[in-house]
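In what follows, chain A forms one complex with chain B and a second complex with chain C.
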Partner chain A sequence: MGPLITNGIISPETDLLLAFIIGIGFGFVLESSGFSSSRKLAGVFYGYDMVVLKVFFTAGITAMTGLLFFSLFGWIDMDMVYINPTFLTSAIAGGVIMGAGFIMGGFCPGTSLCGAAIGKIDAMVFVGGLFIGVLMFTEGYPLLEGLYNAKPMGMVKISEILNVSDGVMALLFIAMASGAFWLAEWFEKRSKKVEY
Partner chain B sequence: MKPRVIFTVVFFALGLIIAAVPQSRTMQYRVGADDMLEDLHGKSQFISPDEVAAFLVEDNPVIRLIDLRSPEEYQAFHLPGAVNLPMTDLLNSDYRYLVDQDMMLNVFYSNGSVKANEAWMITSQLGYRNNYVLEGGLNYWAEVIMNPERPSSTSPDEEIARYNFRMGASKALGGDAGAETAPADVEAPLPAITKRPAKKRASGGC
Partner chain C sequence: MNERGVERSKKYINPYLGGVLLGIVLIAANFVSGRGLGASGAVKSVVVEAVDIVAPNHTENSAFYSEYLELHPQPLKAWLVFHVLGVIVGGFISGVLANRLKFKVEHSPRITSRRRLIFALAGGILFGLGSQIGRGCTSGAALSGMAVFSFGGIVTMMTIFATAYGLAYFFRKNWI
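Moving on, here comes the complex of A and B:
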């Protein structure tokens, strides 16, 4: 049955509409969970609020488990699901840049738009910086092209590299998430309370 | 119990299940369920024994009979020119060239038509074309081709013509009826088997 677009069950136009609705839902949940506050987001780096880590790990393992069960029931053909190709060097470089921006600005791209939408000036500045970054990357692409395309690994999964089944990888990832939750709460208890 | 403990337990349980089951390799269905149902209703996958007999008598090189029974059964009896591909080897990659091809018109047969229908469903869902099913299988073949029932003298002409054809085919393909002489009330003892065009053009190309 799935993927719905690839199998022509929903049209690309309907897909855009669904993406729009899901996007609104995502923004709403981010805002109502307090993710439009840069202090809450920065908390994950200072150890006083680990909600961000917990939310994204939960989202990850929920989607992962759901997809694997859908595949098991034959509801989705995982071979037809698009996996972003991996470019190792640029992934590491991008991760470092994104992380640095996250610590400095207290937002990630999605939450900055959330913050800007409710009128936070720091979020608007962050969004401005985001567009400047996009412009710089686009204009500077010829200089960055080598780095951008370095070490192409194709559409790989960690489970393929480790040569284990997707299910075993999922279990490892769930164990990792649980460990991270436990560590995160231990950090939260240790660090001094910050009022924000 | 704290909600986080419940969540952890639930996720670990689900993770254990998903790690324990074999990895799902969902086959890519190229034929939708609707199309398959329509094909099944239309019985378009069937080739009648008469059609197959005609192909065999005229030595049509396009037809290939595929015997899905076990090698022992195949040794005991098989249709002329049939190749043996036991059902268990249907998806064996060594024999894929037999079922996934554009040159020949494959006719699956077994004793009845259940196995052959299964083989046809599996291969067509994999997107293989040019595969058909011998209607009624060997049992029906034996009934209508090897031992055709003699129609009464008041039967319509078509039925007598069909009987004539079956007698001739039986003789040519080594059935019981071949040993007997054609009935006296039938005008032509040996039917004229007209050359028929192949059901599907063999498509070549690179």
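Moving on, here comes the complex of A and C:
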């Protein structure tokens, strides 16, 4: 049955309309969870507000187990779902640059759009920065090409690397997330309160 | 936490509920379109389209732009572009309902608005560049990648958080 678009159940135009509706859901949940505030987001790095960790990992394990069940029930063909390909060098290099951007800017791209949508001027400036950064990549591509394409590993899954089934991998993620939630609550109670 | 803080935090939904709802949105994206969520990819579509309008000779002669335009002849008619327009609308609706619409520069009382904006710009530039090198940002690579067990997505997720934690000490004045 799913994915609806690859199985020809919906037209490409309907797919774009649904992309818009799914986007509304995404933006609504992000903003309702407080992700339009950079000071709330940055709390995860200082322990005064762990909302990022809680929302992110709950969403990750919900989607992971949900998709496993969808696949089990025959509702979705996971072979047709896009798995981000792995290029190890660029995955690490990009992550390091984004991590620095996160602690300096207080947003990531999706959350900055939510902040901008409710009038946060710092979020609008961050979005402006995104355009400059992407332009630096597209213009600098000849210089970055080697790094970008180094160590291709294909559409490899972490469960394949660790040689466990997807179900066991999901269980490990749920266990790690549960531990992280417990730690997050513990840190929040003990850390210095920050007014924002 | 003082009373004001409690009152304010009530306006946001419970983070675990927010996470479950976000997870459902992510399942929906995979079920409908066979792909996860994203944000930075839409910025690339807009940048490529803009460069192509301003300097068509340049895009023709550059391997990156010409390949991108061959694969996506209409960069703006893309899943992520419509998706991101939705994100802005969804964020706005939530802000209206929670009475949070306000033009302001949010920053720690210990720093000036000007300093906050300079760091926001620098952070945006780095995130824009990093998201292209890493083939996706926190949404497209980290969260969506984790949901489908993508090794690269999970590596990117861990690197983003590890780097931010590693640098947190140096930028603490901006936040605490």
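The definition used in the following text is that the second predicted complex is superposed on the first by the 196 of 196 C-alpha atoms of A that agree within 3 Å, B and C clash if a C-alpha of one lies under 4 Å from a C-alpha of the other, contacts with A are read in each partner's own complex, and residues count from 1 in each chain.
Just so we're on the same page, contacts are C-beta pairs under 8 Å (C-beta built on N, C-alpha and C of every residue); 3 or more make two chains touch, one makes a residue touch a chain.
What you see is a predicted model; the values in this text were computed from it and never measured.
J.: Which partner does A:61 contact after superposing on A: first (chain B), second (chain C), both, neither?
T.: Both: A:61 reaches chain B and chain C.
J.: Would you sort A:174 into first (chain B), second (chain C), both or neither based on which partner it touches?
T.: The answer is first: A:174 touches chain B but not chain C.
J.: Which partner does A:166 contact after superposing on A: first (chain B), second (chain C), both, neither?
T.: The answer is both, since A:166 touches chain B and chain C.
J.: May I ask you to decide whether A:76 touches chain B, chain C, both, or neither, giving the answer as first, second, both or neither?
T.: In the superposition, A:76 contacts both chain B and chain C.
J.: Touching A:121, do we find chain B (first), chain C (second), both, or neither?
T.: A:121 contacts chain C only, not chain B.
J.: Let me test your reading of the model: by the given contact rule, A:38 touches which partner, first (chain B), second (chain C), both or neither?
T.: In the superposed model, A:38 contacts chain C only, not chain B.
J.: Once chain A of both complexes is superposed, is A:133 in touch with chain B (first), chain C (second), both, or neither?
T.: second
J.: Once the two complexes are aligned on chain A, which partner has more residues of chain A within touching range, chain B or chain C?
T.: Counting contacted residues of chain A, the larger count belongs to C.
J.: In the superposed arrangement, which partner chain does A:15 touch: chain B (first), chain C (second), both, or neither?
T.: second
J.: Need the overlap of the two footprints on chain A, from chain B and from chain C, as residue ranges.
T.: Correct list for chain A: 58, 61, 76, 78, 80, 166, 173, 181.
J.: Help me check something: in the complex, which residues belonging to chain C touch chain A?
T.: Touch residues, chain C against chain A: 1-2, 4-5, 12-13, 15-16, 18-40, 43-44, 46-48, 51, 62-65, 68, 77, 79-80, 82-95, 98, 100-108, 116-117, 119-168, 171-172, 174-176.
J.: What residues of chain B sit close enough to touch chain A in their complex?
T.: Those residues of chain B that touch chain A are 4, 7-8, 11-12, 14-16, 18-26, 28.
J.: Under the definition above, what is the set of chain A residues touching chain B in their complex?
T.: Counting only chain A, the residues touching chain B are 58, 61, 65, 68-69, 71-72, 74, 76-80, 165-168, 170-171, 173-175, 177-178, 181.
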